Every structure is written in C-alpha cells, then in structure tokens.
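Look at the two complexes coming up: subunit A is in both, with subunit B in one and subunit C in the other.
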Partner chain A sequence: MVFQSYALYPHLNVRDNLAFGLRLRKADDATIAARIKEASDMLGLAPLLDRLPKELSGGQRQRVAMGRAIVRRANLYLFDEPLSNLDAALRADVRVDIRKLHTKLGATSLYVTHDQTEAMTLADTLWVLNKGRVEQKGAPLDVYERPQTKFVASFLGSPRINLVSAALKRDGNSWIATSKGLSVHLSSDRVRDAKEGASVILGMRPHDLRVTKSTADAFATLHVDVIEALGSEAFAYGTLEGGTPFIARIEPDLARITKIGDALHLSISGDRVHLFDQTTERALDA
Partner chain B sequence: MREHGLKLVALVLLALFATACDEGPPRLSLWHAYRGDEATALEEAVHRFELESGLGVDVLAVPFAGYASKLEAAIPREHGPDVFVDVHNRLGKFERLGLVAPVGDALGEAKDFAEPALKAVTVDGKVLGVPLAQKSFALYINRSLLPETPKTLTALVETKMPAGTFPFAYESESAYSHAAFLHTFHGEMLTSTGDFGMVGKEAEASLDLVHRWTEEGHIPGDADGALVAQLFSSGKVAAVMSGPWLLADLHVRFPLRIEPLPPLDEVHGAIRPYLTVDAAMLTPSGAGKPGARSLARFLAHERSSLEIRSSLGRQILPLRNVETQDAVAMAFRRAAEDAIPMPTSGAMRAAWVPADQAIRKVLRGDASSHDALVEAEERFRNAAAEAEPSSSPTPLFLVFSFGLVLAAFALVRRAKTATFRSDLRASKEAYRYLGVATVTVFFLVIVPLLVGAVTSFYSGTRNAPVYVGLANYVSILTARGGPLFGNGSFYRTLAVTVLWTVVNVAFHVVIGLVLALILSKPKLAARPLYRVLLILPWAAPSYITALTWKGMFQKQFGAVNALLGLVGVEPVSWFSKFSTAFAANVTTNVWLGFPFMMVVAMGALTSIPKEVLEAAEIDGATRTQRFFRVTLPLLRPSLLPSVILGAVWTFNMFNVVFLVSGGDPDGSTDILVSEAYRWAFTRDAQIGYAAAYAVIIFVLLFSTSELSDWWKRRRDAQARAAIAAHVLTEGA
Partner chain C sequence: MKRIESLLSHLLLVLAVIFAVYPVLWLVTLALSPTSSQARAVILPIPDSLSLGNMKLLVGGGTPGGVALFLRQLGNSIIVSTATAIVSVVVALPASYALARMRFVGKNASVRTLLATQMFPAVASAVPLYLLLETLHLLDSRAGLVLVYATTSVPFAIFQLRGAIESIPIELEEAAMVDGASRFVAFVRVVLPVARPQIAVTALFAFMSAWNEFVLAATLLSRKEAFTLPVVLQGYVGEHSAAWGVFAAGAVFVSLPVMAFFYFVQRQLIEGLASGGVKG
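Moving on, here comes the complex of A and B:
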C-alpha cells in the first residue's frame, strides 16, 4: 500500500521505515538487509537510508513509501493517489518511475487516481469508478475512444467533452442529430436501437473538431468568447447558436488571428460523435 | 494655568507648614493582629480611651501571618507602635531582640490579675506585658448525650455510650493538647534551662493513659482539630476539650454547655492545659510615654474596655474579680485557674514537632512511650541550633573573586572574536525587547537565588546570623555525623525523594496516557463530559485536595478504610508505616498530577497522522505493536518536556507531603523540600541550614536537566554526523 500522504513513520529513518514490516514478520537480519538493498537500488534510495522522513523532499518520501511496499514482496500493490501531494514537474518524473517499477516488479498493482494523465499512461487495464460502481473497464485507449456512459466520457479527456442535448432524425440510411443551431450526420455504427425522434446527448471531444471555411461542411457555428493558446495547440471557448457552451481545439496559427466575437464553422467526422441515451446516459452503441 | 500651579504649590507649602507647627499632643499608635469581633471590640475600647483621655490613638490592624516579622522589622527602626497586642509566648524572643520594655505603671493593680496570666507575661522577673485576654481549654458538653457531668474526667471517659459515639474527644495528636495531661502528671514540655522536658516517668505515664483510652475505644484516634469539631457538632461525641476558638466553628442543635475541666481523678488532681495570654506590650519608646502606659492600663482595667471586649469581642478576661452573667466566660475563666502559661522561650518552637511525632507514634502503637520520648528528645537536640564556630569568610571570598576573574577573562575573549561586535550591534533591537523581562527575572528569580545561596553560608537564627562557611553543607552531606542512611539523613531523604518522583511520574504518565487513549477513541459517547470530569482534580487547589485525601485516609472515619471495610479489610493505620504513608502520599499526588499528563498526551495524540497507524496496520502490526512501535515513539518528543517538568514539580511537591502524611511516620516520608521547610520553620528557625538544603535541591535539579539536555544534544549531533559521513562516502 502506498499512501497519498506517504504515511512514513516520522520517528524512523529510511532504513527502519523500510525494515518495519519485515521486522514485525520476524524476518532475519540478512534478509532484511538484502531486501532493503534491492529496494533502495531500484528506487535510488541508497544515499538517503540514514535520514529521517522530515529530511527528505516530497518525491523522495514517495519513493520511500514505495520502497516500504516493495520490500514486502507483495502479490498486489495498492497505490492510493501517490502523486497527488507532489508538484507537477515531480509528478511527471515519479509517474515514469512508477511505470518502470511496475514493469520490474511484474506484480499486479492497483493504482487509484483522479488524474487522467496518470490513468491513461500507467494503466494496462483502466477501471472507471463512479460512486463506488464500475462504469467501464478496458484498455485506456478503448475507454477513451468508446466511453460507454456519459460519466466516463466526461471524466476522460481535457478539456472536457462537449455535451449537447439533441433529437435523432432518420435521413435515408443514416441518422442525423439536431438541436438548436446544430445538425450532425452520424456514423451508423454509433447508432444502434435508435428510434426516430429519440432524445439523446451528443458527446464531441474538442480535439475531434475541425474548423472549416465553408458553411456547407459545418454542423454548427461557434461564437468565440475566450481563446486559450498553449503553444502546441489552442482552445476556443464560446457558445453555439442556441446558447450551448462549447469548446473546440484549433490550430495555433488560427488562434493568432481569431478574435473574440468571431464565428468559427465547425465540422466533425460522424464516427467521432458519441451518443448517449438521455435517460440512461448509456452509449447507444453499447 | 501657570497661576493655578503657583497657587497649588503655595497651598501645599502652607499645609506642610501647618502640620509642622501643630502644637497639639502627639498621637499614640497601637498595632494588633485581631480580626472580626475581637478587632472591632479592641478598636471600640481604644476609642473610649480617646474620649476619656483626650489623646489621639492611631490603630493599625496587621495580618496575623506577617505580624511578628513586621514588629521585628519596624520597632528597632523607630517606625513601630507605642503599644501592640500580641500573644505572651513571643515575649522571650521580643525581649531578646529589645522590642519590649517593662510595663511599669501600665500594669495597674497587679493583684487584680489572675495569677497564671500575670505569670505568663513575666520574663526573668520583669513584667513585659499587660494581660488583656486569655485562652485555655474548657469542657464542651453535649447535654443530650451527657445530662450529668461526671465528677472526674476518668469517669467521663469510661462512661458507657451507644455504639458509634464516644464519651470524650480532643486533639489527641497534638502536643499542645497533650500538655494538659502531661502537666497533670507533673511533667513539662520544656525544662527551666530550655531543654526538652517531655521525658521520664511522668511524661510516659501521661502518654500511656491516653494510649489506653485510644486502645479501649474511649476516644477517637488520629484526631485533629477539624475531626474533633466535626464529631462533636454531629453528635458523635459527648464532650470535648477545646479552647474558646471552637465556639466560632460550632453550629449545634443540641443543648450545649461549657464547664471548667473536671479533675482527672481523685489521685492526680486538676487537668492543666496551656494558657496563652493576649497582652498589651510596650515598645521601648512607648514605655517612656505616659499616654501609652495609660492606654495599656485603660485597656486592661477600665470597666468600659472590659465590657466591650468581653461582650462583643467574647474575650476571656484574665482578671481575678469580674462579676459576669456569662456562663461561658465564667467556665473559661475558672478553667484558666489551673492552666500553665505557655513558656516564652524560643526553644518551644523546636519542641513541638518531636513531641507531636512521639505522641502519634505511641497512640498508633508503633512504639512504647519510653522509646518514643527518648527518640523525641534526641530529635530535639539534633534540631536545636548548635552554635557552629564562626569561620573566616576569606576562603569563600577568594573562590568568589577567582570565579569573577575567570568570568571576566571569558567575556574578554568572547569580545575579541571578530563577529562579536557586529553580532551585538545586530541584536540591539532584540535586547531592547528583552530588557524588561531580563530585569524582572533578575530581581524576582536571580536575586532571591543569590540571597538564598548567601544565607546558606550562615548559621543561627535570622536575627543573629553567624558566618560558618561551608559548615552547613558539610553537616548535611555527612548526615550530621550520624549513619549515612539514618532516619532524617540527607541521603535517605534524597532516596525517598527520588523514589517519590519516579513512582509518581510513572503513574502520572501511564494513567494520563491510558485515559488520553480512551478519550481519543472516535466513537466515545459523552467525551466532553469525561474530559471535564477528568481534568477537575487538576483544577482544584492542591492543598484542598491534599487535605481532603488526608481526611479520607483517617483510620477510623476515613472513606478509604470505610471502602476497604466493605470488602472485609481491617482498618489500616495509614500513617504509621512508611509503605502505607508513602502510598497515601503517592495516591494523592497521582490524583493531582495525572490530568496534566492526560491533557498533554491528548494534544500529542491528535498530532499523530491516522495514515501512519494505518500504514503500520498494513505492515502487519497488531494493536499492541502499533502502540509501542508507532504511537509511543511519536508521543515521546511532546511528552518528554512534560515528563521533565512533572518530575521537577513532583520533586518539589511540598503540599502533598506536608499536608497528607506530614512526614509520618517519623519524618520518613519527608522529601527534600519538606525537610528544608522543617529546618527553616519548625526546628529553631535554622534558616541557613534550610537554605543549604534549598541550594542542594537546586543544584540537583539543575544538573539533572542540564545532563539530559547534554545527552540529547550529543545524540542529535551523532545522528547528524552519521548522515554526513554517509553522504560523503556515497559522493565518493
């Protein structure tokens, strides 16, 4: 078990922190020394063994907390938001450490986090829990691309997925979802068991949106309120015709010339639109 | 504005001038330490004197506790009164110090006074006070239990009474009370040469008699003043022997009668309690003033003074022929006829404690009267001031000067270091803030400490100190030449003190910790209630708690024995054995001390993160292992200072030891501070000796805490060095 607050024994130095569990199990000194060496080599703790927890940095403490779990040679490791108390830069470093460690140990690790980056990068299998209930499990990318509930869809992805209420309409062989100021062609594999006029929730990730010149390709027009330019990409925050708040990812070059109040015509590929039942909030393709 | 100022100055000058030119008769001054009705009555009597004589008198009421020392300080410097009222038994000391002069014609008609009262104020043939009032024992009788007073006290004592009641009670533990019987057997507390007199056949016979009464259940044992008053007013005792002061405490529903004490029996004759006389005394300057002498004479003889003092002040007048309708006053006056004036010698002070101890020992059956009294005499001699030869202060002076030189040398060397001056300049602001506190601490802590240390080089009483160098220390550290672990020796007392400290602190910590753990349980209902209840013992003043516990350990009526009785345990005489008396002290002090540790531990427990305990649980620690390997080590840093503080408090816990066991049996449960107190205040006022004890206690405590500090610093330094070494080797 690795705690969010590290929960190291403040009165013991690193070595004794690592040895605590083994001593309780009455392991002999040679074994203890060997395990400590192993764990401290793996985590780079060797220079810190004689220090007290208060003499360590946050990242070092978290490594000790992991070391304490490792020496136990457990079959299952439980990480309880281990990176939440670290600053962003350190978090990325330790995240990589944890991934490497997991590979080395080869034992099952259960990793609890609120951070989707950690969830996406670390997991072999991702379980999304909502109020203690499993909403969805699967490989991270599958979960990201095929969220089976509205909750999962809005939980993964940053900025959050755009959610809009709409009604289904049949258009020949395909389906269209319409709402005020919005009309999207849907890919048929997204729509199963659909009825004409059914009310649904549309989910469109900002990253899946494209800005087009022609209004013909566009499914909606975004009136820009705020531009967030991050360098590698940019986000336009605004509202659709009907007043629905909406976010779109745009190219940095476009961000340079876009001004507040401008209208952007948005398009999306039909197979990127997620559809959820208005009442059950489950995906229509589930 | 300016004009006003000038007017004011002129006015003040005028007032001063007027005072200086006042040609009226000089005013007299009178001091007393009375309170309540006695004070009012005296002041009224003085007022009547003013009206009659036309003289002015300034009356000053001084609190009793500081009265004697105020007199001793003021009179030699001519700031004292002309006349003062005090008890006669201080006359010996006052005379030696030159605070009083023979009263001359202030006495009036000598034959008017009752003989014992006149004897009381006569020192070496000189009359040094004018008797105003007297106090001695009479017999208080509960008429509903004892309708007819038997002819003799023996008959009274042997009267058959219903179960649970006693025919007779008195403060049997005190030598002051016992003196009444001692005198009947022709014994004495102090010989005419000022030696311990309570030895020999007479004293033994008096003790044996009272011991028999206690053994046969005629009188309650272990009786102090409070118990006697309580038993009598609750109707459990038919008659008690006590002084007029008991009246004030008594609120009885039964018919009360006060009679002179009956004779002990046909053979031994009258019971002869001590007599104390309140007398008007004249200071040397007052004795020269006719007005002061007539004031004293007026107070003692004039009808208007007698009237108010006996009616309002309820004083018992020490006169031969005063007709009074008051049966109580009559009884006390007749009781005083057989009384023996309390000796005026200062040696009395050193006699009380050994005598008290001997009496308690005999009454509890711990020693024969012979052995107990021989021991008491030994104790008296041991304690009475031995005139140490005065020694030259030169060696000490040399050591002191050498110390000063060393200190100056060290200071100069510090001042030479490069950073010293800049450090000093940088800290100027800080010094300004610390200034007031430093000065305060210097005068309130350091100066008394130095005065105490200097006092310890002197011997003799406060008024006649003799420089003896280190003689006090030598005497203490060699156990006054007796066996090193003999009774009352420094080493034995130190051992008891250390045991006392260790046992107490151990109980404080364990009980405090256990309660704190229970109180910190998350699911405890009514936690605030428990918390308040458990902190209460701490909130009550310790001396009240101590007195309460002393009462509860009383052999016959105490709650502890009553509870033990329920489970069939025989009544324990708690203060007759070291182990039980020590246990009683410890119980009281544990009761007083655990809440502090509990509060500290509760605070410390909240600072232990829950996750750490959870982590230990996941690491496989059981409840016990979690407590000993995680909780306790984490509590240690916050508990340690409190433990050290608690140890110092306990080491010096005077109240409990003094009030609960009072050192019983035989001073064996005394700790260093209570022993020091006894040297200063009960054993002929050997202030220097007591100061040496205090210095030794200070050095012991100071070096102990310094030692533990040093040890902690060394451990920390070692730990840091280990880390540094490790980092270095890793780096290489």
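Moving on, here comes the complex of A and C:
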C-alpha cells in the first residue's frame, strides 16, 4: 500500500522505515538487509538510508513509501493517489519510475488517481469510476477512443471533449446530426438503432478537428476568443454560430497568424464523432 | 522606526523579566544570608555576606537525626511525584487513545465528565478524600498521596494526550497495520514514539503538580516522616515564629531541580517529532 500522504514513520530513518514490516514479520537480519538493498538500489534510496523522513524532499519521501511496499514482496500493490502531493515536474519523473517498477516487479498493481495522464500512461486496464460505479473498463486507448458514456468521454482527454446537443436526421443511407450552427455527417457504425429526430449529445475531441479552407467541407464555423499556443500544438477557444462554446486543436503555424475574432472552418471525420443518448447519456454504439 | 520598535520591545521584555525575577532574587538573598540576619525592606536585595547556614538548617544539620528525616522527606517528594507522573501517563495513554481514535457509546459524555472534574478546586474534595483514605488506611502514606494526586492529574493528562494522538495522522497507524502490525503493536511502535515529546510534557506536568502540591498533602499527612517538602517548608513559618531564611532556602531547594530540568529539556519539549512523516 502506498499512501497519498506517504505515511512514513517520522521517528524512524529510511532504513528502519523499510525494515518495519519485515521486523514485524520476524524476518532475519540477513533477509532484511538484502531486501533493503534491493529496494534502495531499485529506487535510488541508498544515499538516504540514514536520514529521517523530515530530511527528505517530497519525491524522496514518495520513493521511500514505495520502497516500504516493495520490500514486502506483496502479490498486490495498492497506490492511493501517490503523486498528488508532488509538483508537476517531479510527478512526471516519479510516474515513469512507477511504471518501470511495476514492470520490474511483475505484480498486480491497483492504482487510484484523478489524473488522466497517470491513468492513461500507467494502466494496462483502466477502470473509470463515477460515484462508486464502474462506468467503463478496458485498455486505456480503447476507453479513450470508444467512451461508452458521456462521463467517460468528458473525463478523459485534455482539453475536454466538445459536447453539443443535436438532433438526428436521416440522409439517404447515412445520418446527419444538426444543431444551431452545426451539421455533421455521421459514420453509420456510430449510430445503432437510432430514430429520426432523436435528440443526442455529440462529442468531438479538439484533437480530431481539422481546419479547412472551404466552407463546403466544414460542419461548423468557430469564432475565436482565445488562442493557447503550447509550442508543439495550439488550441483555439471560441463559440459556434449558435453561441455554443467549442475548442479546436490547430497547427502551431496557424496559431501564429490567427487573431481573436477570426472565423475558422472546422471539419471532422464522421467516425471520430461520438454520439450519446440525451437521456441515458450512453453511447449509441455501446 | 524599526530600531525604535525593537528598542521598545526589548525594554518591555527587560521590565517583564525584572518583574518576574525580583521576588526570586529576594528569595535567593534570604536563603543565602547568614541565619542571624533579619529580613529587611530594601529596594535591591543583595546579601551583606553569603552563608550556607540556612541550607544547613534546612537539611536538618541543626538537630540530631535531622538529616535522616530531611532525606526521608525529600525521598517522599521524589517518590510521590515520580509515581504520580508514571501513574498519570500509564492510565491516561490508553484512555486518550480510545477517546482519540475509537467510536463508542458514551464517548462524549465521558469527555464531558472528565472536563467537569477539572472545574472543582482541589480543596473542595479534601474532606471526602480524607475520609476515603481513612477508610482505605492510606492516610500518612505515599501510596495514598499518589492516588489522590492521580485523581486530578489523570483527567488533565487524558486531555493533553488525546490532543497529541489526534494530531498524529491516522495513516501512520494504517501503514503499520498494512505492514502487519496489530492495533496494539501500531500503538506501541508508532503512536508512542511519535507522541513522545507530548508524553514527556504530560509526565512533567503531573510530576510538577505533585512536587509543588501543598494543601492536600498538609491535610492528609500528619506524621513528620510522611511529609513532602512543601509541607516541611510550611513548618518553618509558624504562628509564633518565622524562620524566613530557612523557608527561603527550602523554596530555592525545591525549585532548583525543576528549573534545571526545564532549562535542559526546553528544546526537546518544543520540538515536534511528528513533522516530516506525511506530506508537507
């Protein structure tokens, strides 16, 4: 068990913190020393063994907390939001450490987090819980690409998925979803037993949107309020014709020349549009 | 401006120190003056000549068998105070743990009852305690006195230690239990060491309250051999004569160990061990 608050024994140095559980189980000194060496080598704790917890940084404390779990050689490891007390840079480092450790140990780990990056990067199987109920489980990318509920869709992905209320219309053999200032052609595999005129929630991830020159390909026009340029990518925040707030990922080069108030024509591939029932909030292809 | 502020605050501090130290200075002067000298009203109490005469009288140097009696009385004080400290902590620790960590029927009621006992002045219970000890044949005994002192120091100790235990994150115990400890082992191996500074303070308080207590001791003890030091001291200031010099010597003698102890452990008393175990 690795606690969010580390829960190191403040009166014991790192070595004794690691040895605590083994001593309670009456392990012999040689075993204890060997396990401590193994764990401290794995986590880079060797130079810290004689320090008290209060003499360690947050990241070091968290590594000791993991070390304390490792020496137990448990079959199941529980991580309770272990990174939430670390600053962003350290969090990324320790996250990689945890992933390596998990691979090395080969034991099942149950990892609880609110951080979707941790969830996506660490999990073999991802369980999304909402108010104590499992909303969806599966491989992280499957869950990301095929969210089965509106909650899952909005929980995973940053910036957040665009959600717009719309009505379904039949267009020959395929379907169109329309709303004020928006009309999208849908991929038929996303729409299963739908009715003409049914009200749905459209989900479109900012990363799936493309900016086009011609209005013919566009499903909507975005009026830009804010541009967030992150270097490797950029996001345009604004509203559609009907006043619906919307976010689109754009190329950094485009971000350079786009100004507030500009109109961007957006297109999206029909199979990237997620559809949820307005009342049950479940995916129509679920 | 900063300078003036600093100067003013230091001036105030110096005044406060003088105010606090002045009576002590008087006491020390009286104690170290020659036995024959009389207490005089002077502004600056500096003795004309130094003498250990009063000290010698105090420890019984003036009477046959006096030294042995004094040592016995000193022993009474030490034993009674130490025992009170130990009993208080030993009884209060499990009680305070239960009040801090467990849920049970009557928890709030028992806390309130404990609090209520603290509202009564100790003297109010002197007569009932006397009658109780008489029934138990514990008058004039150290055990009786410890019992009486514990009745007042245990509730106080429970309050102090409950606060101390509540300030220890429950995760520490949970971690210990995940590591394979029972609740009791977690208490002994984690809670006790982490709460050590507060336990020490609690024990010290109990020790000092017993070491300085006079009214109950004077009520419950009648044999000279059973006296504790405060009762002995009072004997020097009688209705017809007052050996202020010896009394002062006794007062200095009684305060010195406590003062010295505080001086040496003040750092440990303040330092909280609990820092660093959890986030922050």
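Heads up, the rule we're going with is that the second predicted complex is superposed on the first by the 286 of 286 C-alpha atoms of A that agree within 3 Å, B and C clash if a C-alpha of one lies under 4 Å from a C-alpha of the other, contacts with A are read in each partner's own complex, and residues count from 1 in each chain.
Keep in mind that, in the parts below, a residue touches a chain if its C-beta (ideal position, glycine included) is under 8 Å from a C-beta of that chain, and two chains touch if they have at least 3 such contacts.
From a predicted model like this one, the values you see are computed outputs, not experimental measurements.
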Joint occupancy of subunit A by subunit B and subunit C, clash or fit: clash
Partner chain(s) touched by A:Lys54 [first = subunit B, second = subunit C, both, neither]: second
Touching partner for A:Ala123 - first (subunit B), second (subunit C), both, neither: neither
Touching partner for A:Phe3 - first (subunit B), second (subunit C), both, neither: both
Touching partner for A:Asn85 - first (subunit B), second (subunit C), both, neither: second
Touching partner for A:His11 - first (subunit B), second (subunit C), both, neither: both
Which superposed partner A:Ala263 touches (first subunit B, second subunit C, both, neither): neither
Touched partner set for A:Met42, first subunit B, second subunit C, both or neither: neither
Residues of subunit A contacting subunit B in one complex and subunit C in the other: 1, 3, 5-11, 20-21, 24-25, 55, 68, 72
Interfacial residue positions of subunit B with respect to subunit A in the complex: 609, 611-612, 614-616, 618-621, 625, 629-630, 633-634, 636, 719, 722-723, 726-727, 730
Touching residues (chain side subunit A, partner subunit B) in the complex: 1, 3, 5-12, 20-21, 24-25, 46-47, 49-51, 55, 68, 72
In the complex with subunit C, residue positions of subunit A that touch it: 1, 3-11, 20-21, 24-25, 52-56, 58, 61, 68, 72, 85
Touching residues (chain side subunit C, partner subunit A) in the complex: 169, 171-172, 174-176, 178-181, 185, 189-190, 193-194, 196, 273-279
